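A short write-up of the structure that comes next.
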Amino acid sequence: ADVEVLHWWTSGGEAAALNVLKDDLSGQDIGWQDMPVAGGGGTQAMTVLRARVTSGNPPTAVQMLGFDITDWAKQDALANLNEIAEEGNWNEVIPAALQKFATYDGQWVSAPVNVHSTNWVWANKAIMDELGLSEPQTWDEFTAALQAAEDAGYTALAHGGQAWQEATFFDAVVLSVGGPEFYQASMIDLDPEALGSDQMKEVFDRMGTLRGYVDDNFSGRDWNLATAMVINKEAAFQLMGDWAKGEFLNAGKVPGEDFLCFRFPGSQDQVTFNSDQFAMFAQGDSVSDEQAALAKAIMSPGFQIAFNKVKGSVPARTDLDAGELDACGQKAYEDFKAAASSGNLYGSMGHGHANPASVKNAMYDVITAHFNGEYDSETAVEELVLAVELSQ
Amino acid sequence: MTQIAPDVREVSARPQNAGRDWLREALPKIVLSPSLAMVLIFVYGFIIFTFYLSFTDSRILPSYGWEGWSNYSKLFRIRAWDTAVSNLLIFGSLYIVICCALGLALAILLDQKIRAEGFIRTVYLYPMALSFIVTGTAWKWFLDPGIGLQAVVRSWGWESFTFDWIKDGDMAIYTIVIAAVWQTSGFVMAMFLAGLRGIDNEVLKAAQIDGASNWALYRRIVIPQLRPAFMSAFVVLAHMAIKSYDLVIALTGGGPGTATELPATFMYSYTFTRNQMGIGAASATIMLMAIAAIMVPYIYSELREKK
Amino acid sequence: MSSNATATVVRTGAGSRFVIYTLLILFCLYYLLPLYVMVVNSLKPLSEIQAGGMMSLPEEWTVAPWASAWSTAQIGVEATGLKPFFWNSIVMVVPAVAISTVLGALNGYVLTKWRFRGDTIIFGLLLFGCFIPFQMVLIPMARMLGIVGLAGTVPGLIFVHLVYGIGFSTLYFRNYYQQFPTELVRAAMIDGAGFFTIFRRIMLPSSGPIAVVCVIWQFTNIWNDFLFGASFSDFDSQPMTVALNNLVQSSTGVKEYNVHFAGAIMAALPTLLVYIVAGRYFVRGLMAGSVKG
Amino acid sequence: MGFLDIKNATKSYGAVKVLHETDISIEEGEFLVLVGPSGCGKSTLLNMIAGLENITTGDIAIKGRSMNGVRPADRNIAMVFQSYALYPNMNVGQNIVFGLEMHGVPKPERDKAMKEVAELLQIEHLLDRKPGQLSGGQRQRVAMGRALVRDPDVFLFDEPLSNLDAKLRVDMRTEIKKLHQKLKTTIVYVTHDQIEALTLSTRIAVMYGGHVQQLGTPKEIYDNPANMFVAGFMGSPSMNLFPATIAVENGRAVARTKLVGGAEATLPFAEGRGFERHEGRDIVLGLRPEAITDRDGADRNSQSVHVVEAHVEVTEPAGSDTFVVTQMGGKEVTGRFRADVDVQAGQSFPFAINMDKAVVFDPETEARIS
Amino acid sequence: MGFLDIKNATKSYGAVKVLHETDISIEEGEFLVLVGPSGCGKSTLLNMIAGLENITTGDIAIKGRSMNGVRPADRNIAMVFQSYALYPNMNVGQNIVFGLEMHGVPKPERDKAMKEVAELLQIEHLLDRKPGQLSGGQRQRVAMGRALVRDPDVFLFDEPLSNLDAKLRVDMRTEIKKLHQKLKTTIVYVTHDQIEALTLSTRIAVMYGGHVQQLGTPKEIYDNPANMFVAGFMGSPSMNLFPATIAVENGRAVARTKLVGGAEATLPFAEGRGFERHEGRDIVLGLRPEAITDRDGADRNSQSVHVVEAHVEVTEPAGSDTFVVTQMGGKEVTGRFRADVDVQAGQSFPFAINMDKAVVFDPETEARIS
């Protein structure tokens, strides 16, 4: 029999990674029916999924992010993977922060593939050397570095003006302003007081500061074009998830020599993440053999390593040998494991792992509007409270 | 304006071979009925369904918990909705007016016994063949100040040239207009050209003898006669304006910020990416009511007039 | 109404003719620019694009992006290029266009030549259906397709396009047939022709001009549709636009803009071809009916 | 009971009655012309005979068989339309035999019939052409061919000549006349041209406002119009109608009317018409243009020619005749003079008035007084 | 040099010459009718006068001023079109004064002119209507009003009546005639209706195939057609043309022709026409229908009426007259009999033939022999 997999991994590297999975399954005589729908970080795919499920013809397995999994689980649409999880000891090897999404109501409903961490800063080493900058450790050092780059005629901060990219900034800034508790209260618990606090105003002020270091031409730019600016020594820094690394590597750049990666100053100990998972859609009472095989294959150490090597992310399970990953990757994996064990692993708001889609998008609206100068910080705080209220 | 030709009516049935006669009489209606049924179910049924959903607590999928008007009250408190509505007003009116003006101007120019008329017409018409999934990137690049028009003009030496509307929240909606006009004005041109070709040549001769300059001739005689073409253009353009979704997504993705949000993108995002289907349905309902407010009187008058 | 398919009798002086030609050529540039950008960049190596010269001609001409987009580009898990999806689109578009045109013609025929009480209202209902936003019908339509068992099938997709295409095709044919002499229908009735015979032998053979308009309209709309194509197709019936989207919108990894542009042009070729081949009948067809409303 | 019987037929569209109770009955082989101004219901009546329109009330029977509910195709009629209604996509031959094809006549027979008809109408050389490649007269012939080939009980013509130019119209008129004399088929023919009506018909129904005003032979209609409408409608130039008063002079009824300048003309009626009893009554006098002519052109056989000097307002030399306009009773009156008469606008000139066929109408009811 | 001079004008579209060298000159106040079958170049010539078409070679002058290169608006002409060419978006009043407005005439004057014209044409009550709300005759009047208001040097009419029905056409014809008699403006008028040409004109140019066949007064054209084309084209029903041979009997020229059944008719010409010198020559004899009539209807003043017994083929009673068709020299020949004559198809009947105006053509060149 076959599995039909709905996903949005259509770039060369991603497809190569999926092929690992495909080959694994074909070894078990399970065919792979490919159903890619790219675009918008999976929003197109989610629309298609909605139509497919409504029509009673859901795909076998679907790539999903964060709260989408929970939402679908609430609809009773997902298959129960407990048996496989037990067999594979998923409870042990997968950090609690991920389990929050991979389980619902005590049942395993999805198999996590990877963990991306999003609070990275990417830097052009040549510019840093030229300006005599070292890795900034605090917000002030960071702004100083940005200022230096700007004074030297570079674009200080490479950025693409899309809502999710601005939200990626926002995650990091929230952590840097108020630390993990504030992040938890405002982004995850959606505490109106935290959302409307002075700290939040500070967050917006800092967003404004960052905006000042972005070139005028940022709006609508794809993230990889922003990365290219760093690669091409037009810009000094970029805030982006770990997938940016692929761009550097593809351009023949060497980590540590040509470019640097470090955590956003002020959030060195925390890791904000997003995690791609595969949920299995219920197609009868219990999980089908193919779904079981697919879930197992996804969780197999071989696949987790092989996949994340190409993808730039780190494995979702914490019990693997990272030797095959590159320098940045190994560092990331260590960070991830450390954060997981210290409770410093937080779902990224910008990537749908802090709160549900409705809230996330409502926040996007405010963040983007502020970033584009429509609101001042005070209005932004008010609007944020209102938007979160309306979206629940 | 055309007259409805007197219709052909079937003769009423006789008692004998009633079955065959009945069939013959009913045949036109039978032929029409699949289309009618499809439209009743898949348009009007769905409209009712959506209307119903707008009163429910539907989020990721339809659900039937009654919520009353709360979706509507939420909708009207969402700032992006205001933006979307006012954007549609700006975009819709500019788009329709510019398309008509440009289409008319081009049609008139092209009607002057132009040499390569066929070629030029095809050039003006082809954008209609392409979807914005196809041309979106090209437009985005072209409008991008960093690599597009602005950069090119500057590289020619006009250093102060600025054209960065797509990055400017106040102006971005106008870039949508530019691209939308690019796509459909050729089609409108074709409609007007057809209208121009339908005008009685003798009337034009009469106006020349009356001493009308070409300008007066077009303004006073020709353009007023193009009313039917304007009407058809209006239907097509209104329909495009309301449905403009691909265009916004490809060009600005609704940005910068929410500056180019339109009701269609708003509805899509609430229904599908924000999992607030109830609000999405409410916005769809409002949108439909607005469409109906414009189109129903129009359709009614068009169908009435011909009696 | 005396209609003259030739250009106007209005006369223009030499000076204004120069202005006219200049304007016409300037507008040609406006319309051709995006195409120019696409074509030029589809013939460059990626490095030239990244170097930033999007408006300049290629320094090194290459057709590799085209070859890649057609047969080797990564669309999903397989690096198949757009080739297989092209056929999917054809299989869907051809019947959808054909059926909706024939149905539109039949409806127009009934609504003008076999009128009955309430026909105008029915036409109004059909017409208003053109204005429904497609995003709205996605979910209920999916449910319906599921119920009748057409979910994820090509016939299902064709059906959806049919439903939402019928309004415009009926509009076109109705307006055209309204000017079609009713005496011909009457003559045929006296000659003994029945409902379908009149349609097939008398109406259809004279419907060329409007059929061209209708086919062009439907073909472009259906071929270019993404939303329905993505939502109601299956892994083995995804149309070209979905594949193109997968090619262009890939989330991470290097964006091969030259391949993207080549693919985009490729996906647009059939519609372009339809416009170029049938374009000269287009104005004629519009004249023949649809415009006079 | 005749060959074609229209009994008490009416037609309404919604609340509007476009055809009032109509009774017409004609015999086999007759040529009935329906004539009347635009919108009077001629086509409606014809379409009712053809079965293309429902009959609201009443009945239409052909050969004694009621046609209510019978399909047009089953009535054994053929129809020629004003626009000819040739199928533009078929060639002439196909056009002609389409009706036979629809009635299941096998191909060899169809071809034979087509040949015969084409020969009859002299259109053999056109059989392969499309209608778009034919001249008006040729199209007209093809349309007739299409009707002829069916060998129907009744031919229906709806203004078949009104799309032709003046010259061709006259020629085709003669051809239709000859065809009828040869084939002797029953024909119902609609026109608004009174000359066509008069030359072609054996019987004319003059219609106005959905009513049949008069049904009769051409001679009846022309010489004894039932009312002023019929009088004014039939004939070209139309009958002169002007106010006059009946008086009796020497025991003989005369009509008195005013000329230009105030003089009074006294026009004695032919004897035996009995108008004496209307003495003193105001009437409308009807005189055909050919009854008002120059002295030498007047009918030598007539008993009641009367010469009046009148002022000439306009002269219209028309080749074969010259039309001369004066005024009587305050109305324009046209006389038909011979072409050679030397008469100029502005002069006074003797008009010879032949009162043999003068008709008299009541100014109120507009009906003829006899 | 006349008021309007067309000197050696030609028109070609590409390689096709649609108007051959044409010379026409008319005086102020004349009414020139261009008549001819469809496609003969009438409209082309008219448009050249109007300035709507370029002249290929030659010259057109009005009042002695060459019009080459002068804009239509500056020629001081007015034109009435077949389709009336009313501006559908303006009301009647606006239509009428549009030309004045374009020539910068101030509003009060325009209004005054509009009133005058409306009164003249009796369309005051229509001034606020749109053309679409008018009947054919009313539209026609408005189109004339639009021309009249300009007070032009020359009026041009392109088939102004051919869209009207038969009855209205006759009425409007008379009105145009009256208007011309009142205003005395120079008029060039295109038609393909020979009756219009004959009744309206002071001068007729008969055109065919881009050539002017004959230019002359209506009487010249009707009585002395220059060739068989003109003879056949002018007059309705048209002139009978049939083969005959000239012989001399008792020193007087006669025409001999065959009747149906083989009998021979001998028709003596009027004296002094000098046909004796053509003795033995085969000719085509031309006789107008009104020259062939019943015995009593024949012209009493004519010297050369000759009675022939002939076979009647068709009779067409037309109210005022009856047309009777026979054959002579193998051709159909139509005679115009009085309405009352009792003549039936199939009989033999005496035809009174008036040879006064008989014309004679050469069968080869088709030109008239005199």
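Going by the order they are written in, the chains are A, B, C, D and E; count residues from 1 in each one.
Everything that follows uses one rule, which is that a contact is a pair of C-beta atoms (placed from the backbone, for glycine too) under 8 Å apart; a residue touches a chain by one contact, two chains touch by 3 or more.
For clarity, every value in this text was computed on a predicted model and none was experimentally measured.
Undergrad: For subunit B and subunit D, which third chains touch each of them?
TA: Under the touch definition, subunit B and subunit D have C, E as mutual neighbours.
Undergrad: Most remote chain relative to subunit E, going by C-alpha centroids?
TA: So the chain farthest away from subunit E turns out to be A.
Undergrad: Report which interface contains more C-beta contacts, comparing B-C against A-B.
TA: By the number of C-beta pairs in contact, the winner is B-C.
Undergrad: How many angstrom lie between the centres of subunit C and subunit E, each centre taken as the mean Cα position?
TA: Averaging C-alpha atoms per chain gives centres 56 Å apart.
Undergrad: Can you check how far apart subunit A and subunit E are, centre to centre, with Cα atoms defining each centre and the answer in Å?
TA: Chain centres of subunit A and subunit E, defined by C-alpha means, are spaced 92 Å apart.
Undergrad: Please compute the C-alpha centroid of subunit A, do the same for subunit C, then give the distance between them in whole Å.
TA: Comparing mean C-alpha positions, subunit C is 39 Å from subunit A.
Undergrad: Which residues does subunit B have that touch at least 2 chains other than itself?
TA: In subunit B, the residues touching two or more other chains are 8-9, 24, 61-62, 200, 202, 205, 208, 268, 272.
Undergrad: Which residues does subunit A have that touch at least 2 chains other than itself?
TA: Expected reply: 40, 47, 50, 54.
Undergrad: Any chance you could list the residues of subunit C touching two or more other chains?
TA: As it turns out, subunit C has residues touching two or more other chains at 2, 9, 138-139, 141, 181, 186, 189, 227, 245, 248.
Undergrad: Please name which positions on subunit B make contact with subunit C in the complex.
TA: The contact residues of subunit B facing subunit C are 1-2, 4-10, 24, 27-29, 31-32, 34-36, 38-47, 49-50, 61-62, 106, 109-114, 117-118, 120-131, 133-135, 137-139, 141-142, 147-148, 152, 182, 186, 190-191, 193-202, 204-205, 208, 214, 217-218, 228-229, 231-232, 235, 238-239, 242-243, 245-246, 264, 267-268, 271-272, 277, 281, 284, 287-288, 291-292, 295-296, 299-300, 302-303, 306.
Undergrad: So in the complex, the part of subunit E that touches subunit D is made up of which residues?
TA: By the definition above, subunit E touches subunit D via 37-38, 162, 165-167, 170, 173-174, 177-178, 181, 192-195, 198-200, 218-219, 222, 233-238, 288-290, 296, 299-301, 314, 316-321, 323, 325, 336, 338-339, 345.
Undergrad: Could you pull out which subunit C residues touch subunit B in their complex?
TA: 1-12, 16-17, 20-21, 23-24, 27-28, 30-35, 37-38, 52, 54-55, 103, 106-107, 110-116, 120, 122-141, 144, 162-164, 166-167, 170, 175, 178-182, 185-186, 189, 194-195, 220, 224-227, 241, 244-245, 248, 257, 260-261, 264-265, 267-268, 271-272, 274-276, 279-280, 282-284, 286-287, 290-293
Undergrad: Can you tell me which positions in subunit C touch subunit A when the two form their complex?
TA: It is residues 50, 74-79, 138-139, 141-143, 145-147, 151-152, 227, 230-232, 234-236, 238, 242, 245-255 of subunit C that touch subunit A.
Undergrad: Hey, which residues of subunit E end up touching subunit B in the complex?
TA: Against subunit B, the touching part of subunit E is residues 47, 50-52, 71-74, 77-79, 81-90, 98-99, 102-103, 146, 150, 158.
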